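In the two complexes that follow, chain A is the common piece, with chain B as its partner first and chain C second.
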Partner chain A sequence: MLAEKSKPQPITADDGVNAGSRHPRLSLVPAKLESRQWAHHGFPQVQKVLRERFCHQQLPEEPEGVEAQHKHLLELLKRTAIHGESNSLLIVGPRGAGKTMLLKCVLRDLLQDKEVQKNLLQVHLNGLLQTDDRIALKEITRQLHLENAVGDKVFGSFAENLAFLLEALKKGDRSSSRPVLFVLDEFDLFAHHKNQTLLYNLFDVSQSAQTPIAVVGVTCRLDVLELLEKRVKSRFSHRQIHLLSSLTVTQYLRLVGTQLSLPDEFPDAKFAQEWNSSIETLCADKSVEEVLQRHFNASKDFRSMHMLLMLCLSRVSVAKPVIQPADLQEASRLCLADAKANMLHGLSILELCLIIAMKHLNDVYEGEPFNLQMVHNEFKKFLQRKSNSMYNFNQPVVRKAFEHLQQLELIRPVEGSSAKTQSEYQLMRLMLDHSQIMEALQKYPQCPTDVKQWAMSAFG
Partner chain B sequence: TPRLATPSIPSRTLPARQPTNVLEEARTRLHVSSVPESLPCREQEFQDIYSFVESKIIDGTGGCMYISGVPGTGKTATVHEVMRCLERATDMDEIPPFRFIEINGMKMTDPHQSYVQILQKLTGQKATADHAAALLEKRFSNPAPRKETTVLLVDELDLLWTRKQNVMYNLFDWPTRRHARLVVLTIANTMDLPERIMINRVASRLGLTRMSFQPYSFKQLQQIIMSRLNKVKAFEEDALQLVSRKVAALSGDARRCLDICRRATEICEHSAADPSAKGLVGMSHVMEALNEMFSSAYITAIKCASVQEQLFLRALIAEFRRLGLEEATFQQVFVQHQALCRVEGLQPVSVSESLAVCQRLGACRLLLLEPSRLGVLQRVRLNISQDDVLFALKAD
Partner chain C sequence: MTTLLQHPGYEEGRLQKVAELLPCREVQAGMLLSLMGEPQQYSYPSIFIYGHRASGKSHVMHVLLKELELPHATVSCVECVSVVLLFEHVLRSFFGSDAASLLPCSPSLSDFVRVYRQQCSQSPAKETRYIVMEKAELLRDTDANVLPALLRLQELVEDNVTVILLSEIVWDKFRPNTGCFEPLVLNFPDYSKGELQQILSRDRHPSYSAEFYSSYINILLGVFYSVCRDLRELRHLAALNFSKFCEPVEEGKVKETDTHKLWRNIEPHLKKAMQTVYLREVSSLQWEQMQQMEEKETGILRGLSAHTHVELPYYSKFLLIAAYLASYNPARTDKRFFLKHHGKIRKTNFLKKNEKTSNHLLGPKPFPLDRLLAIFYSVVDSRVAPTASIFSQISSLVTLQLLAQVSHDDQLDAPKYKCAVSMDFICAISRTVNFDIVKYLYDFL
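Moving on to the complex of A and B:
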């Protein structure tokens, strides 16, 4: 294990891993009789391998379920790199569908070719970083190491940079200059740039006899082509790769199994075997299947699956080196918890009463907005019906509670109502669903019975 | 920019591979970038532009011309061909020598940069926009001995619009000067651009020499592909006809036509069991390429969506029916969503879950949403028609 540690560890090795690897060394020495416990050897390694897989989106050996798309993209980029053919293409798919994974896999496979490796230039842009064409152009110049870039600094004005880049691309030709691959991440954001100058120019180069370039855009918007201007759209080749997962439940369950199991090249083979068999029994469990089915129903994307598995994995420790069904259930509970309900549990009784009053107002006046006066009035009606009123708060206290609710964004002012109106008379809307309020009331610690009854009663 | 920097892309170690089989050959020929020697189907337009420019050069006068047409109808290519022919004529001493320069509105960061680019292309000088404008003004208004005619091509004219329109005004005013000897050819997409965006004194200087390029008909598109292929036998006759008819019906954009043909050759190559076998691109390949490029992915996206996402869409449509509107708040849809969950025998969803589902659908633009900080109050709309959604949900 020490030999393993000397290997350059990626930044992934966060405190969890280090803590795990420190711990067994301390406990190993005194308790020699425990050394047979296999968990101590393999355990930190498991954390490391799986965390890398879940948190760092490690590339798989073979992208699953997207063989046709992989082939299409690989062939296209190969033709650009080897034959000098210019192309443009969009990869479209919902978030977490593996668009970047596909592209990275293709690039990894592409660069294994020696000829490609020597020739292909790459430029990576991201719509979130290159927020306008000026910055994008500097970045392109920098990544291409054009002559007006000295070190990492690019000289000249925006106009000069554009002219220089276009001139450089124009000088090249199909057979002699090195092909350039432009990868535009968050492609839809580039379409919001002024006049779409960058896109026009890139697509124009890809459609004219200049330096061979391939423009690959990655986006999650299905309507991305409608964002393009007519002349930009005409220059785009309309090749699109759609990544829409057609996973079924059984495939999803199998995928969870493979994601959690250890690879064959795991150093401690015996441990890996035991771990994998424990995962197998885990996946066969009925309750686990139910939990996973629920997650599958909610979303098919990989990222939420990784999130769930990561939460599971973090409950594994040296003392308990297997994932049990209970862990998965707990992780799923964490994932699916309602955020607003948790906030309601933390409110004071007065604030809760105000929310109930608002709920009644919503019921009676069918979702019309309300102000503090109306809420307070409703609350007072509740107090009057009771003999022993222990909640007889002053107006300022109620207002404070109301303001606190506004700060938590459980209520928000109606749009258009200006700040000119006094805060007592400002119209508000409740940002909670009734089911959330009722559910929170059930779980509220030591909720007074009369408040509960008031909430249940149909009319305040 | 450093003064002596020469713009260039590094050259490759090995020259690019040449096409080895028929399909690859066809693909190279069909690439949009390989502009053929002569443009088929644009003879009339070619002739008009040619005679216009030729007469101006021979007379030593100036003038303007406005060329319009939807993208991909061969406007820029035709003008370039005219220029090539005129240059050939100059070499044969048939007409006096002239200068040809071009600027493109989309390749500039600012309309005033056009002065800088024109000046640099004319004299090689570098100047700021204001200075360049003054220099050009002087150059075009003063007489000079042995001055040759300048032909200026302005592509994407609509991008040169400024609030005062002085860039456009200057471009059209210079040719009217007695000593300018400037011919300005302008290209834009819309036919009524001069009437729409130009003020009167600019539009009047542009004059009435207009030309519009019609979208290609299917016969013309077919002829274009045939002339590009130039006896390379890679396509079946019917397949070509299908592509050109389909494109002509939609837009008449030659670029689209060529791209589809290129994609069809790829599909043909993939589907062939034996790569060395000489296969023609047939109907089925072309059909597949057409589907790939023209079909929208919305319906497949809905079919591939998760169970809750589909339920949410159904809840949305149910709510629309109930309200009789095309818009509902999330809260209203959520009530329907929970009811549907109960009907389907699924565990009821919480608001957070349902909101997450809604956001996911909004991110890929199946739905149009208000900003998410409005929480349950945000209004939800469909981005596609209800019929499409129902079709996609029913089909499985």
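Moving on to the complex of A and C:
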């Protein structure tokens, strides 16, 4: 969807639309740094500007590569906000693809219109917060400032309550109704509410001509319609806006450059210029290209790109006010680190031996679950072949090690095995595969040779 | 050290103090500080830190937030049994106790976010606010929306807030089915043996030289490092056994520098400690008392360490033995073991094709009551008490959890049992009634 024509668009440091992004002034730079010219303004500023972009999800001046969706959504919302038509639609796309951002950008542009600003009412709900329809209704009432109007009235049904709210909005100086925009982020979660009452009623109102409302659902579930009950689904307009990235590698690389660049409005123009040209050099580097290619293959959404770039940015300091290829490599290494391997590295030698015993059991019994007794037995077989007894631990010590592995969720009890079983007979599965174990063994600090050989041998 | 000291926005003196308090964690603390950025700048919405127990996750966070005086709330997911406590604690820490009282009773996440936003619009963050969640893996057991909401709390409350999750479980085991806001994941690597030595040596006793204490730690690690790398646990063990280590020096028998003699004196003692203190079978206090008693009479340890001191009635012991036999022997071998005047039958006669593993590896099998009684009557030689009392003894064995009743809902009339004691335990019991149980076990034929 990324339009070829869109050229790198600098992003302003402070667009002032997002209320949350309003920011206190920067504190004074420590006095001892003042001697260094470039650090004086540049360094804290570059951190500030880029952090807002990567950490605070600041709205871009113009979203990249979603012009069509932006236009479509703006049109639809205008019809409600200006012409009083009701509507319903879904914005669907993977996590971090920019659904929320798109909606916010469109709202920002929509509210440029003075008339809209005065008229349009907004209700923002989130499936993570309004976990049932009672809570949702309370929140709707509050966001429409109708708590007083409702007072302690008792309503017979949800529909009646909602109708009352919408009716109450009509009263006042205007004879016609004010349009209401309902945004339901994490829309799929609302489908789990009892009887889907809220969804049913909102869609129902959006179909009847009483009050102009627009219902915008935002979700990452492509199969979201299948979650809707028939009577709910039939009231939905079936309009969907998809945000599926069709970015190519070249576009991705260029985007990284744009995202790292400082805007023209940057207070220290000279610094910005130097910074931006250093970014250009960075992006031209072969090793950087390789790293980014690898990331692109794993995920090409903005959010994971931002995380990678944030890690790079954290390596920029007063002493080193540039990003170097090595920084990107290090950031990428952090992103791609195998967490389980890190945990295996810190196991005690006893715990590592138990893992090896489990691996052998898995090999012999073709992945059948095992219990502590079997593992200990396998371990003992290994010890018997050795002359010295440095690993002669008694059963309770071995059990404690085994339980620690379970706590770390490196092994997991087989589902359905009863809680009444004694712990040493509780059937378990190993949550590691062969290659992970062998790799861990290679990296294990001062791993005794005999243990290594035991792990390598075909049979326990 | 140098990495820790160059962070604009923080006072150098404070950073110095932080560096002193965090030996062997300079890299991690430096990394965190550069991610956090200057106090008034934004930080990443959520950071997930994982690493082994006692790898300093809580310690580093605590020192950083405290010494640098950053606004924060530290929440232990163990203590916050309900999310209400979490909400109250966060609001109280950031906005004072009045804010917490604005929550309605049994508040939802929606209420929390509403109150937070309302408070935050009155007192916006001048510096990044931090919420630290200890033992974050427990969040997976609360309502499904809590974890994903915390991960994107910054977006939900529109405040300069960062949530830091600490856990010993890897992030992959947290991710909900439909995904969530991915936190920035950081690892705290385990301390190497050398680092443990360095950290533990700092606790030295003022009346002894640094070398002396350091050689003690070296010996301690020699014994425990292969089973335990938990700094907290090692520190505990070090404190507990130090007086024993000093004894020969105090008595003037050995010089402080004679490491070999000191080692010979303490090593057996530490090995004993591994069997008891490390396994929490005795409390530290008991251990200290035992040490004193040991001077007078040796061998008291054995009695205390296992749970063999459970005193059972005579017949109950036989019932338990019978239950053990019924659990671990195949039913078809009962005749061979318990019928008087059976001919000599070798194990091969019983062997079935698929029996590759011993029953002692697979665990006890359930058995019906009549089988238990049959074995019981054949192993008890003398005349047996009336059956009614046998039944009550069985139920008290169940209460003591030495026997487990395996309930099948569809077979209420025919309960089945499993023996729930270990081999060591049953051998000890058998010895007290002069019964050689090993002879009757199929696995040991």
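Quick note on the criterion: the second predicted complex is superposed on the first by the 395 of 460 C-alpha atoms of A that agree within 3 Å, B and C clash if a C-alpha of one lies under 4 Å from a C-alpha of the other, contacts with A are read in each partner's own complex, and residues count from 1 in each chain.
We take it that contacts are C-beta pairs under 8 Å (C-beta built on N, C-alpha and C of every residue); 3 or more make two chains touch, one makes a residue touch a chain.
This is a predicted model, so every value here is computed, not measured.
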Message: Per the contact definition in the header, classify A:K381: touching chain B only (first), chain C only (second), both, or neither.
response: neither
Message: Quick check on the superposed pair: does A:R231 touch chain B, chain C, both, or neither? Answer first, second, both or neither.
response: first
Query: In the superposed arrangement, does A:K71 touch chain B (first), chain C (second), both or neither?
result: first
Message: According to the stated criteria, A:Y200 is in contact with first (chain B), second (chain C), both, or neither; which is it?
response: first
Query: Now for A:R221: first (chain B), second (chain C), both, or neither, which partner does it touch?
result: both
Task: Using the superposition on chain A described above, determine whether A:R303 touches chain B (first), chain C (second), both, or neither.
output: second
Query: In the superposed arrangement, does A:N371 touch chain B (first), chain C (second), both or neither?
result: second
Message: Let me test your reading of the model: by the given contact rule, A:L146 touches which partner, first (chain B), second (chain C), both or neither?
response: first
- prompt: Between chain B (first) and chain C (second), which does A:K270 come into contact with in this model arrangement: first, second, both, or neither?
  reply: neither
Message: Can you give me the overlap between the chain B contact set and the chain C contact set on chain A?
response: 94-95, 220-221, 337, 339-340, 409
Field: Contacting residues of chain B [partner chain A, same complex]
entry: 1-2, 5-17, 19, 24, 27-28, 31-35, 70-72, 106-110, 113, 116-117, 156, 159, 189, 253, 255-256, 259, 262-263, 266, 270, 292-293, 296-298, 300-301, 303-304, 306-309, 331, 334-335, 338, 346-347, 349-353, 356-357, 360, 363-366, 373-377, 383
Residues of chain A touching chain B in the complex: 71-72, 75, 82-86, 92-95, 115, 118-119, 121, 133-134, 144, 146-148, 150, 155-156, 158-169, 171-172, 174-180, 195, 197, 200-201, 204, 207-212, 220-223, 230-231, 233-235, 237-240, 242, 244-246, 294, 296-300, 336-341, 409, 412, 429, 431-433, 435-436
- request: Quick one: which bits of chain A touch chain C in the complex? Just the residue numbers, please.
  value: 18-20, 22-24, 26-27, 29-30, 33, 43-44, 47-48, 51-52, 54-57, 94-96, 100, 126-131, 135, 138-139, 142, 188-189, 220-221, 303-304, 307, 310-311, 314-315, 317-319, 334, 337, 339-340, 342-343, 345-346, 348-350, 371, 373-374, 377, 390-391, 393-397, 400-401, 407-409, 418, 420-422, 424-425, 445
Field: Interface residues, chain C side, partner chain A - complex
entry: 6, 8-9, 31, 34-35, 37-45, 50-52, 55, 108-110, 113-114, 124, 126, 143, 145, 148-149, 152, 154-156, 158-160, 168-173, 178-182, 184-187, 189-190, 192, 225-229, 274-275, 278-279, 281, 357, 360-364, 404, 406, 418, 420, 422, 424
